[in-house]
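Next, two complexes with subunit A in common: one pairs it with subunit B, the other with subunit C.
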Partner chain A sequence: MEARRASRTVSDPKVRHVGFFTPDPNPHPGRTPLASDAPVSNSLSPVMILPPRQPSDRTAAVPVPETGLRRQTGADQVPVGSYNPSESLLSSSPLPSSPSSRVGLVDGEFSEESGGWLRRSESGNYASSLPDTMVERAPENSASAAPRLESKKSVEVTGKGGKAVVEEQNEVQSSSKPLKAKTTKAERRALQEAQRAAKASGKEGNKSAAVSQGAAPVKPVKQPAQKKDGPPVSVSVVSFDKKGGDRPPEKERKKDVPAPRMQFDDKSRVQKAKKHAVVKQTEARNRVELFRHLPQYEHGTQLPDLESKFFQLDPVHPAIYKVGLQYLAGDISGGNARCIAMLQAFKEAIEDYSTPQEKTLARDLTAKISSYVSFFIECRPLSISMGNAIRFLKTRISDLPLTLSESEAKAALCSDIEHFINEKIILADKVIVRHAVTKIRDGDVLLTYGSSCVVEMILLYAHEMGKQFRVVVVDSRPKLEGQALLRRLVAKGLSCAYSHINALSYIMHEVTKVFLGAASVLSNGTVYSRVGTASVAMVANAFHVPVLICCEAYKFHERVQLDSICSNELGDPDAIAKVPGRTDVNYLNNWANKENLQLLNLMYDATPADYISMIVTDYGMIPPTSVPVIVREYRRDHVFL
Partner chain B sequence: MWWRSASFILDQRHLQEDPPNDIASSSSKQPPDTLSSLSPPQTQNSTFMATAADPFNPIPNPKISAYYQTRAAHTAVVTSDWLAQAQAAVGHHPDDAQAAQTHQPLLAASPSSGKSFCVINEFNNWRKQPDLAEAVAAIRALAAVIRASEATTMMELEIELKKASDSLKSWDTTSISLTAGCDLFMRYVTRTSALEYEDFNSARSRLIERAEKFGEISCKARRIIAMLSQDFIFDGCTILVHGFSRVVLEVLKTAAQNKKLFRVFCTEGRPDRTGLRLSNELAKLDVPVKLLIDSAVAYTMDEVDMVFVGADGVVESGGIINMMGTYQIALVAHSMNKPVYVAAESYKFARLYPLDQKDMAPALRPIDFGVPIPSKVEVERSARDYTPPQYLTLLFTDLGVLTPSVVSDELIQLYL
Partner chain C sequence: MVDIQGLVNELVSKLRRRKVEGSRATARLTAELLRSVISQSKLPTTNQPAALIDAVRDVGEKLIAANPIELAVGNIVRRVLHIIREEDHSNARDAVEGFRLSVGGDNDYIVEQDHLNLSAAAQSSLCRPSLHALLERSPDSATTYFTATSEDDSEEKSKSLDQNAKSLKFRRKVISAVNDLIEDINTCHLVIAELAVEHIHHNKVILTFGRSRTVKEFLCAAKEKKRSFGVFVAEGAPKYQGHLLAKELTARGLQTTVITDSAVFAMISRVHMVIVGVHAVMANGGVIGPVGLHMVALAARKHAVPFVVVNGTHKLCPLYPNNPGVSLNEMRSPSEVLSFEQFSDCMDYRIVTGAPQLLVVNPAFDYVPPELVSLFITDIGGYCPSYMYRLIADYYSSDDVVIQQKPAS
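Right after this comes the complex of A and B.
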């Protein structure tokens, strides 16, 4: 609003000033005549004016200590021909704060910030919105951290050990079984498989464990590290954290939160270096070169240990523990289910929480939540939707008024969590269903891929409304999630077809619409979803079939991602090596022993916005180009949800 | 959205240049006292207006959509011959004569006495102004509703307004700009938290003020667009125009007044021959015009520098819904790398999201082939098509020159 009004001062109605240019706010009245003299050449001006601006920009960024001198040169450059005041803002603003901050190096920025924190630091605590910092700090500061560390060590030991470990696991498992209320068949099988895998990998485990032992002394600082934050953050944070950093939460948070996202690249690189020290999980050895930056563990090996510790006195709340194990075993999957399970576990944990002496609820609880989150991450990397939910919860905790008593605060948080689940997930799904159903017409052939609960709801609702349509469920190995969906749809009487993704191009010509779910939608419209979604969308696009993505707005994320390499999740490579129920297909039986064979089981992929016709969210139907607008709006009402 | 209207373009022109350049805008603009005096100009022109403007029977002739009747009324070159033909084909509608009779007395009675006030009548009165778009007429009519309302609470007023806008919308369900205009008016006028803290009378006067402002901006929109688009018309360019759009005509008129040298290719615009009317108008302005039959678009496209079209509605994806044939012209232009510019006022922004051509309520129209068509032959009678955003280059609106993706941003900001 202000921006466009400001450009009124430009005398000639050049559209470029309306559409493409950041308008001239005219802070220096002396320069306005220059702008108003220009209109004749104004249409060319973007080209002509840009060159002088860039060098001045660059010189301003160079860290030179003499502030006064810099400012002078900055002023000198004004008449050279750049009328854009943003240039002068750039040149002058970084100077007062710190010359090094404009260098653009991560370290420089952080050193500056850490300095700020040091100055402010007084007590031993600070409420941080960075999950990482809290994670790293919690074991050191809180008294309860000691057993946790020990447990970690023990895991490491078990990781090293061969058969003895497995036996021990067996014992513990049998003892824990009667106590654990519901051990499903699948769970038991998972356990057995895990043990077998542990046995098989016992010898290799020796090696990798030895490597990890080498780095063991540093262990307390390092954490299993699939964090969103860049490692530089964590390192610097830890260093001054020991001196104790107390910082005003709101002001810092605004500055801090985007930073880790920016250095996503860095993170993966340094994480790789750190990886050797990761204790908890056994690293898979044969990994695809391109995906080295992603954590890949030997699946199943850690499950028995964790189960065995279920009843040990542990800082992790049992509800959290249970959900974590369910993630690990794969009992809970799907973005919404995982998110709801996590939030409900948090709710239980908050209900049982009591603030320790000499601590404030806001800070201690944030630390607690962060340690829980790190536990979840150990079990399975967070989905983006979970990250958003965690961010929401932490905001709520830090925004709690100090005057609230503990019970009131806890009640408020619990109702907030309930509210989030109801409003952002359950209600949102209903709204999406209502929107999407308007796009289903009689005679349609709808194609869906994998199993998305929202898409399922849409199909069922449309069927209830009496619309006549057919459904094609496309599925893929190894998860075969589509079969469960197919079963439920057929049971409700929908007319369905089932196919694997291999036959997609064959079946696509008769399809009229493609409905897909999404794990997340990123700021550039990229849809991050179950692997295979991108190929479905691309084939549909090639056949001129509209692709509709159904996704709740809480899964939107301001990150931008261009490929599915930099951030992804690696699944169990065994899953693609084996064919369940076919013992004769055993060509890859001992693939892990072969140095020259790597298996890649990706979990997600990124679909570029070009292949998407529409995104159906709880805010209505929007083109993929409008995701940033929703993210902006969403953040806003996030605050006063 | 309107508080950021690019209307400053007009203000600057006023400051910069002499008034004579603004004849068009001043003629179309209503002096404010006319607005408040509740006496919309009574420009009765022809008999078919009465059938189209029948207040009690929204679609007097079910075979011809009201959308098309309005269009026909406004783009007068088509006139009554085909309408009479179509009507003869369908058979005389018993309500017509009766409606025509009741129409007049109602008009006289409506404005001052609040009891018998009828939005549709008000709307029709405004609509008879040849230069006023349907949506603007609706906006004016809704403003009149607030003025004539005898409500005593905000809630009551809002309900009354809602009812009025619903009846306006149902008057012609196929017109996108009418629906969008009503929706936007409701959003713009009623969405303000400040109203809750005031007493009713001042809140009401504030509403009226906003409504007037909205109406005025909508009125000025065409002029603003014409100003904004001038930078894109360069000397010696060839412009392909499809259909008759008052905005596009305004753009070209302004360009001609600015002494730009350009020529225009007009498509014929079958079946209502809207291109003929546009070529007439342009010939009056001494702009070199060439008339093409609709199928010659691809043939001439290599000579064309840019394509200018209007829009019935701008949808959320950033695409447009416009007269039949726009889509194929955009496709041809896209494949030959020619820019396609759309001139559309922002009150045409609609919360619609068609996925493909068949994803809209069809607006049907009669087509005269000159020879009798055997009954076994089916005729595609849809009056408009949907052009997806990837084939459009820029949209000239009164909010500024926008890329198609911005449309959705504006709509989200307004409706969320």
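Right after this comes the complex of A and C.
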């Protein structure tokens, strides 16, 4: 495992130096027409590259290259070869049966609707490109999932193969050796194809050409297999497979383009998603036109129904169910709390998990996790921190060595989860506190908005250190999270002022620093956080008060966002109509009956980077322009964890 | 006289207890009170306008002291003073005209002589002479004119009957002008609303903050002209008047969306125009509005969204603000922000732990500097902030800017 990674990093610059986008004009005259059949001939459209279905085809079509590589794959052949077809058949055939079919399908949905949250590093492009092509050509035939699986595998592998070729040509044998550990026949075949092609093309090492040629000879054989694809399952399978693959950074980077999220104004998608939903959501009546693309459901209606279902739901683990209900009821909120609750539920679920017969842990568990995740999404849209944690978990699952026994694997995963919680959340918070506290001086007036647990820790720690400062807690409707924070701070003996967000301009005169938490920091420096944060940062900026964002690096995300409209979460509109403790404000009592009245309860907003002086993370204190660096470094770190 | 005093005291106590709020209501009440002051007060036979000005000033001083934050009171007092001066001045002008026409000097107009100095000065400063007059009239003629008018000063007054009639006429004129002012205050939002179609087009999205009758009429007028557009209403904590506005707008058939104040920044990128009503407009073009308005204005500036203020002329205040966020602000009850239960808990902590204190800040107003305001739409048309000083010169005389200037004795 480790060796493989090392090899990748070693070969990394080489791959980049290879002429990537200059396709070979005509390397194999006989094949070019076929290659041009594929819509995109470079590595971006692996969908079209499909290995043959029959073993006989395979052996027939592949001219055997001579290297020692071949010998090694031969040694591996027995376990791997048997693994591939049987596994794929098995994993596809039980799918239509009752619980797992739901799982599979939901996961398919999920990979489309929120792939952005989960698999950005793995298969952004696949998720977006696959469904279309598959759906187009596919009459429903779930029995033929087998070739599909294979094909996906090979798809992913050809890329790898291409890389391996390059590597091999320039590099030591050893670097490609560990790669063999997991290769299937299809992989090997694709690799050989690519290798041959690369050689033929005069060692230009042109990867795109290699890939397209690798695809070319296979193509005619492939046609029938493609026809039989059934859309959703294949998508989900793809998503699992992708994770297993270790692909060159160059390629990875391309795939990093986040998959589009589920758009709720897409009727057919919503219908599909609804069919498999555990949580029966009813559409809100007075929907805000501008936010059609976000889910707008009635709030507070699903809980009793779900509670009654508690004992009937076999596909969802009770721990998951509990946490899901807590999300739904709003008992757990805040990025860290939600993430930790989810991870611990996953841990419990993994501890209770046993691999069904004739399935592999990696695949089945990933499917399970995906179904859990889609359940969470039904309860409440994922936060970015959760998306990152899920991505981490899935990577860990797919990276599990096949040699591990089930109990070992489970133990490894559980310790991984524990490690993540400790390292990325708890310790990270401590580091942030240490960093941020250096910025607090005696006599400061610190303003914070809403309730961020990191900021609270910073304030308390600074207070413990004996620094003399005052705190201004600014709050806003409808959540009024600041009140709880205020109560805790006052109980600890800090001297506080409290106000609502409209009084910002008044109170900002005396403030010397603004400390804010964040739900996520996006790679263009935008801070995605509780609604109102942007206003606070803006007013602080207008009064020339520095704004410090405190956010753990695991919440950083490579997505970019310019406004708060395109992606957001909508809360319960009724919370706006009612003002707690103010009986005189009752103008909107039966607002739902009024056709042209909508209440919009936005949950998050995006603070532009130019309002932010500094972001305090566990990697240190950085300007918002350095976020992409952290995102990049973090991902590497994340893999090595 | 007694009942005037009673009326004044009543309004003073209302203002002091904040029973009357909102610039429009206070403006109307003030104007009505001043009208009765003018009609009831006993005036000496000579120097009537000056006496009237003193009377109005006295009352105005009390009213302003009762609620110094409510700038509309001061505005109306100044407006009334200005009306008196104008009437006086126009009388004087008549006198001057007559005087100059009948060259020999008619005794009818001698009464007015003592005001002539003032009015002549006012005339030369306020009434712009025509270009022709500027060319024609030499400096000499002006000086001769002044000497000519002042020389009759010592002459005995006569025709007291005529004089009485004149004073009645004067008073009637002033009262009818004040009536016009009240009428203006009552109908200014309708006049402003007529301008709505010039500013609102189809499919426009408008954001407003809190509640203002003027804004409501403005939007409804556009709706009546068959314009279809969307309105975002920020609720305007801690009064939550936005809820009421949303209800009213919905009843009039407008597509209305209520958002929290914190979501203003998020939504403003989809808004074409911000229209707000304000509490007062200062002479520099800055406005004092409901708390939170500054945030909205900043967000609008960030996204280059026009920030339009609709206001009646009675909100024009001739004062230049100095730190208005503090000096022209008032703190409201903390219970609007933090419920008493929470508050008392925190007080308990305080008693137990000793040191820490808890402040709850709940200001009522916000100051928006002129550079954040794109346009004022008033009942006399649209103006930009930099022009406000000129409008103010039209409505107020410079002598009245500081009402307290004259010692109360």
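Going forward, the second predicted complex is superposed on the first by the 357 of 641 C-alpha atoms of A that agree within 3 Å, B and C clash if a C-alpha of one lies under 4 Å from a C-alpha of the other, contacts with A are read in each partner's own complex, and residues count from 1 in each chain.
Basically, contacts are C-beta pairs under 8 Å (C-beta built on N, C-alpha and C of every residue); 3 or more make two chains touch, one makes a residue touch a chain.
This one's a predicted model, so the numbers in the text were calculated from it and none came from an experiment.
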Under the stated touch criterion, which partner chain does A:T617 make contact with: subunit B (first), subunit C (second), both, or neither? neither
Subunit B versus subunit C as contact partner of A:I576, first or second or both or neither: second
Could you say whether A:N388 touches subunit B, subunit C, both of them, or neither, answering first, second, both or neither? neither
Among the partners subunit B and subunit C, which is in contact with a greater number of residues of subunit A? C
Overlap of the subunit B and subunit C footprints on subunit A, residue-wise? none
For subunit A, which residues are in contact with subunit B within the complex? 1, 4-5, 7-8, 11-16, 18-19, 43, 439, 441, 513, 546, 548, 613-614, 619-623, 625-626, 629-630, 633
Sort out for me which residues of subunit C touch subunit A in the complex. 230, 232, 235-238, 240, 243-244, 246-247, 250, 253-267, 269-270, 290-292, 294-295, 298-299, 302, 325-326, 329, 336-339, 342, 345-346, 349-350, 353, 355-363, 366-367
In their shared complex, at which residues does subunit A touch subunit C? 288-290, 476-478, 483, 486-487, 490-491, 493-507, 509, 531-532, 534-535, 538-539, 542, 563-565, 568, 576-577, 579-582, 585, 587-588, 591, 594, 596-602, 604-606, 608
Taking the touch rule as given, give the residues of subunit B at its contact with subunit A in the complex, in rising order. 3-4, 6, 8-9, 11-13, 16, 227-228, 230-232, 316-318, 351, 353, 355-356, 358-359, 389, 394, 400-403, 405, 408-409, 412-413, 415-416
